[in-house]
Amino acid sequence: MQKIGVFVCWCGSNIAGTVDVEAVAEAMKTVPGVVFSTHYQYMCSAAGQKLIADAIHEHHLDGIVVASCSPRMHENTFRKTAEAAGLNPYMVEIANIREQCSWIHKDKEEGTAKAIVLAKAAVAKLLHNKPLTAGTSAVTKRCLVIGGGIAGIQTALDVADAGYEVDIVEQRPTIGGRMAQLDKTFPTLDCSACILTPKMVEAAQNEKINIISYAKVEKVDGFVGNFRATIRKKARCVDETKCTGCSLYMNKCPSKKGKDEFNMEMNNRPAIYIPFAQAIPNVAVIDPEQCVKLKTGKCGLCQKVCTAGAIDYTQQDELMEREYGAIVVATGFKPIDPSPLNEYGYAENADVITSLELERLMNAAGPTKGTLLRPSDLKHPHEIVFIQCVGSRCDENTKRGKPYCSKICCMYTAKHAMLIRDKYPDTKVHVFYIDVRTPGKNFDEFYRRAVEQYGVDYIKGMVGKVAREGDKLMVRGSDLISNQQVEIAADLVVLATAIEPDPSARSIGTMLTASMDTNDFFTEAHAKLRPVESPTAGIFLSGVAQGPKDVPETVAQASAAAAKVIGLLAKDHLVTNPCVAGSDELLCNGCSQCEKVCPYGAITYVDKEVRGPGVREVRRVAQVNPAVCQGCGACTVTCPSGAMDLKGFTNQQIMAEVDAICL
Amino acid sequence: MSVNNPNWKPKIVAFCCNWCSYAGADLAGSGRMNYPADVKIIRVPCSCRVNPLFILRAFERGADGVIICGCHPGDCHYTSGNYYARRRLTMLFSLLDYLGIERDRTRVEWVSAAEGAKFAKTMNEFVETIYSLGENRKLSDIRCKKS
Amino acid sequence: MENSVKFLTETVLRISGVDPRKCMKCGKCSGTCPNYDAMEYHPHQFVSMVEKGQIEKLMNSDSIYLCLGCMACVERCPRNVAPGKLVGAVAQLKLRQQDMNRKGGNDVAAFADEIVPQQLLMAAMRKYRK
Amino acid sequence: MQEIMNRMKARAIALLADGTVSRVMGWEKGEGEYDWSPALFENAEEMEAFVYGDYAGANLSKYCLKLGKLEGKTLVILKPCDTLSFKQLIHEHRLEREKFYIIGAGCTGMKDEKGALLKCNACKSKEFAIYDEIIDSEESRKPTGVMDRMAGVADLEQMTAQERYDFWQGELSRCIRCNACRNVCPACTCIKCVFDNPASGVQSKAPVTSFEENMFHIIRAYHVAGRCTDCGECSRVCPQNIPLHLLNRKLIKDMNELYGEYQAGEGDEERTPLTSYTKEDAEPGIVHERGRA
């Protein structure tokens, strides 16, 4: 028979006010198994803990029940107390007689009776407890960053700075991401490339960072500290080790029909190209869809001009397997396609453009070399209308766009308006807005400057229709402040389109078993207290993959994710939760039902010689990887034979609690 | 029925998942929101840990009502536990109903860690329902106890 | 017939099935409206005035007959508020109060053929029965 | 059926002779006219006693559990509905396909002394879910037993809760806990039954607790939910004639209605309705709402 001690806490008057703690302690003395029972003002205090430790020694207790506040509050405290006194920490059960008893009941008799039942249930459970030992698993000291935008680069730099190896896997031929496409950044108006490209170079030169561009993660197995990823490096038909980035081939390539993705497809590029001048790696790539040689077998001009001998048309996709301790998701975003919102006429009118297209039109490396010319006739626009919230903040039932605020559009629209007014003072700029949202350091000041200093015309209202009339775009909208409908004959219309997660995010989320919201943004483990971690252990979130955010916020989150990664990689071993599932192989049928419901892939099956009383045969049995199991218990209920049980919450323990409550 | 025994107090077992509903119950406590002492909570890691056996056991041992609380669908700490629980419990409830056990003695409610008030309200409603149904004898007597 | 603000508001909301609290006051409806200038109260004002219970003002305005029933505002509203349905509902309430609502749904069928859009019929009936 | 039996017998003897199979699982006549029992035959001589026909109602799938552990292949005769049970056992990795040679046996509906078997009144299918060869006839391919399989369940559903309770109390009180239903059930294949396992919390046979006594059939019905092929063996073998199939069919009916049509043992998907989900699944409250409607 086990020897159990019961410790009833007063919690000052919090418990003692509604529960007769003395009566509870007294009642517990008669419960089978209980050899010691007492009460004290504050069990969690040093004196209270000493009382528990002394009782454990004096009465040679095998387990203790503390009737006190919620286990969510002090379970760990009392486990440590027990452990320090030589008891297994899992031989502790808490009866929650504060949050779930004294605080909700007013009648002392009722409260006392309930407290006794709860304490008895805890004893009943404890009688079935077994000492548990937390296991450990080793940590692979390498980090995988999926996505090479500013978020991924910053995380990689910080992790590498702490001395750990980092692989950045980027789906495009170069790192840099969306930020590389931006012209200037708010609210300081620094040139985006001027602040980003040094970071790209830094990442490329850091010997701890390995950039795997033009690649994608195909498969991830394993668990925190021990992930194994399969990465497909697509054939770029150019040997990365030989290419010098000379661009000599550019004029030779006969194919000119490829769409320049970097310039938002507003101009064409050759089949062999480097996305932009500062690309990292600064290595050409051949577009297999456009290359004449790859399609017809005849051409090979680029190979002839390449003095480095880097061109290799026979290159194949390469699969690599790497091991990681932590994975950071930094998959970023893309603007939505505004074509379905047909009132804006984006699909029909070349001069209706998105804000990201405007970034390229204003950039010195863009299709117009930085001179603002409208796409249709390459004339300078004299009247420009910006429309905010295009596809953001929509009711989900309307199918008109995203339910969320894209967060960055108010600020970049102010930036665009300001830059245009600064560079081309003869241009009239109107902004249709619903709300101007500027919650950031120096943000509202920035927006006010656009209005007060640059005379940007902000119109509170939305646009109902954009229609071409001659070479003008007639923009009809409401001006809610002056309560009139306005019509503006514009030369250029810029849509502040909503942003959405990169299309690759969904499959990556599934691969990592990292949860996502209905909009395909990754969910954080806790909205406030764990904002850079996924609920799946070892997966961290960086940048817009988690939700819309601007550059400074992205960088902050990227560094925060890096800090979490470093904290993980700094450990040699991880202590695993001992309350995991386990299969009794003498009972297991090997029926594979449990595997189906395991959200973590923690269950595998092996053919194993099973030995027991009167049994010695090879059977297919389930095995749980305790480092992967998170202890939800889904398998225990699915298991038809009762072989699968959950430590710390066994069938017997829970049944005993049920019995104690119902008897 | 309760008519026979004026001192009858119902026994109600509430299974609460550790991450949402148990925390929601704690919040109801911190907010001093009253609900009857007839409800006793059993902490489980996830609603998917609730084996239908536990529910049958509770009824058989004299429980008058059993309620299972978990994270809202889509919010499960373990991503999918409550989805499995939802199917399992639906099937169990239906089977119990089919056996003629009052269907209102069982309930599932999704209560988040922030929904202390919902927890208290749910418990008040549930206890009221059980009071109106009276003592549960059916399941423990489905094979005609001789006593 | 009852004329309390509560009754009028509830009736308009019931007839229209619109929840004006979903409105984020973006003005898209009024930016869209092809007959904006003719109307004393504009589509977005219908939404906010119904929310505030100012139904009588709307009922006494010609605006309710000037809505073309084109439903562009309903189509484009990003919040699924449907201002056009509110205009229609206020107009219908007005007709009921004038006891002008004796023509029932069955009578409308006589006007309808495959070519005439139903919206046009409804809008015309509103206008000519003023 | 006589003709099918003769072909089957000849084929089995041939397969035994050429060493393809080491034994044959079939039926033999018992003492009474209707009393045909599952039997194992190891050579042509023994095969003389082999029978197949109207009284070969027993589902041989469960016998395969032990036969699968023996050296060599076993020939097993499976009627269309039996193949579902067999396939389900393969889904559950309880049988290895390569240890069996399956003859799909054409069936015109099975009988016992009381007439057509319950499962045959509402025949699920004439298709074979799994087989190596089929021995059937024009006659056996025709549909038989077209009664509504769920009629009995629907009748109960129409009753009031008290009527249902009285019905089940009457039925279940007759149970003598002989375990025949469990032992015959092809879905009941646990190496150690939970009712024999003290750690399961369901308690052991001795001392028999009221929990086990009261809950046996409910636990058993739930236990096989999603895996039960509705082969009807439980009701067939019950010496007390308890309509146990009505419990299984209720669960099948509910799963079909709520989660889409599903037949255990059909197709290649190992997941059952209870090991899968959709985000849009009905809430458990639907049981309450349905009752009120």
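Should a chain be cited, it is by its letter among A, B, C and D, assigned in written order, with residues numbered from 1 in that chain.
The working rule: contacts are C-beta pairs under 8 Å (C-beta built on N, C-alpha and C of every residue); 3 or more make two chains touch, one makes a residue touch a chain.
The structure presented is a predicted model; accordingly, all values stated were derived computationally and were not measured.
Of all chains, the one whose CA centroid is most distant from that of chain C is D.
With centres taken as mean CA coordinates, the chain nearest to the overall protein centre is A. Work out the mean CA point of chain B and of chain D, and you get 34 Å between them. Between chain B and chain C the centroid-to-centroid distance comes to 48 Å (mean Cα coordinates, whole Å). Spacing of chain A relative to chain B, judged by their CA centroids, is 34 angstrom. Each chain gets one centre point, the mean of its Cα atoms, and the points for chain A and chain C are 45 Å apart. Among the residues of chain A, those in touch with two or more other chains are 597, 638, 651, 654-655. Within chain B, the positions touching two or more other chains are listed as 52-53, 57, 61, 80, 84, 88.
Contact between chains, using the touch rule, shows up for A-B, A-C, A-D, B-D.
Per the touch definition, chain C reaches chain A in the complex via residues 22, 24-33, 36-37, 42, 44-45, 72-73, 76-81. By the touch criterion given at the top, residues 69, 92-94, 189-194, 197, 199-202, 223-224, 227, 270-272, 274-276 of chain D touch chain A in their complex. Taken in their complex, chain A has these residues touching chain C: 343, 389, 393-395, 397-398, 400-401, 432, 434-435, 460-465, 476-480, 483, 485. For chain A in complex with chain D, the touching residues are 584, 586-593, 596-597, 605, 617, 619-620, 638, 640-642, 645, 651-652, 654-655. Note for the complex: chain A touches chain B at residues 70-72, 96, 98-101, 103-107, 110-111, 113-114, 117-118, 121, 513, 515, 535, 579, 597, 599, 630-634, 636-638, 646, 649, 651, 654-655, 657-659, 661-663.
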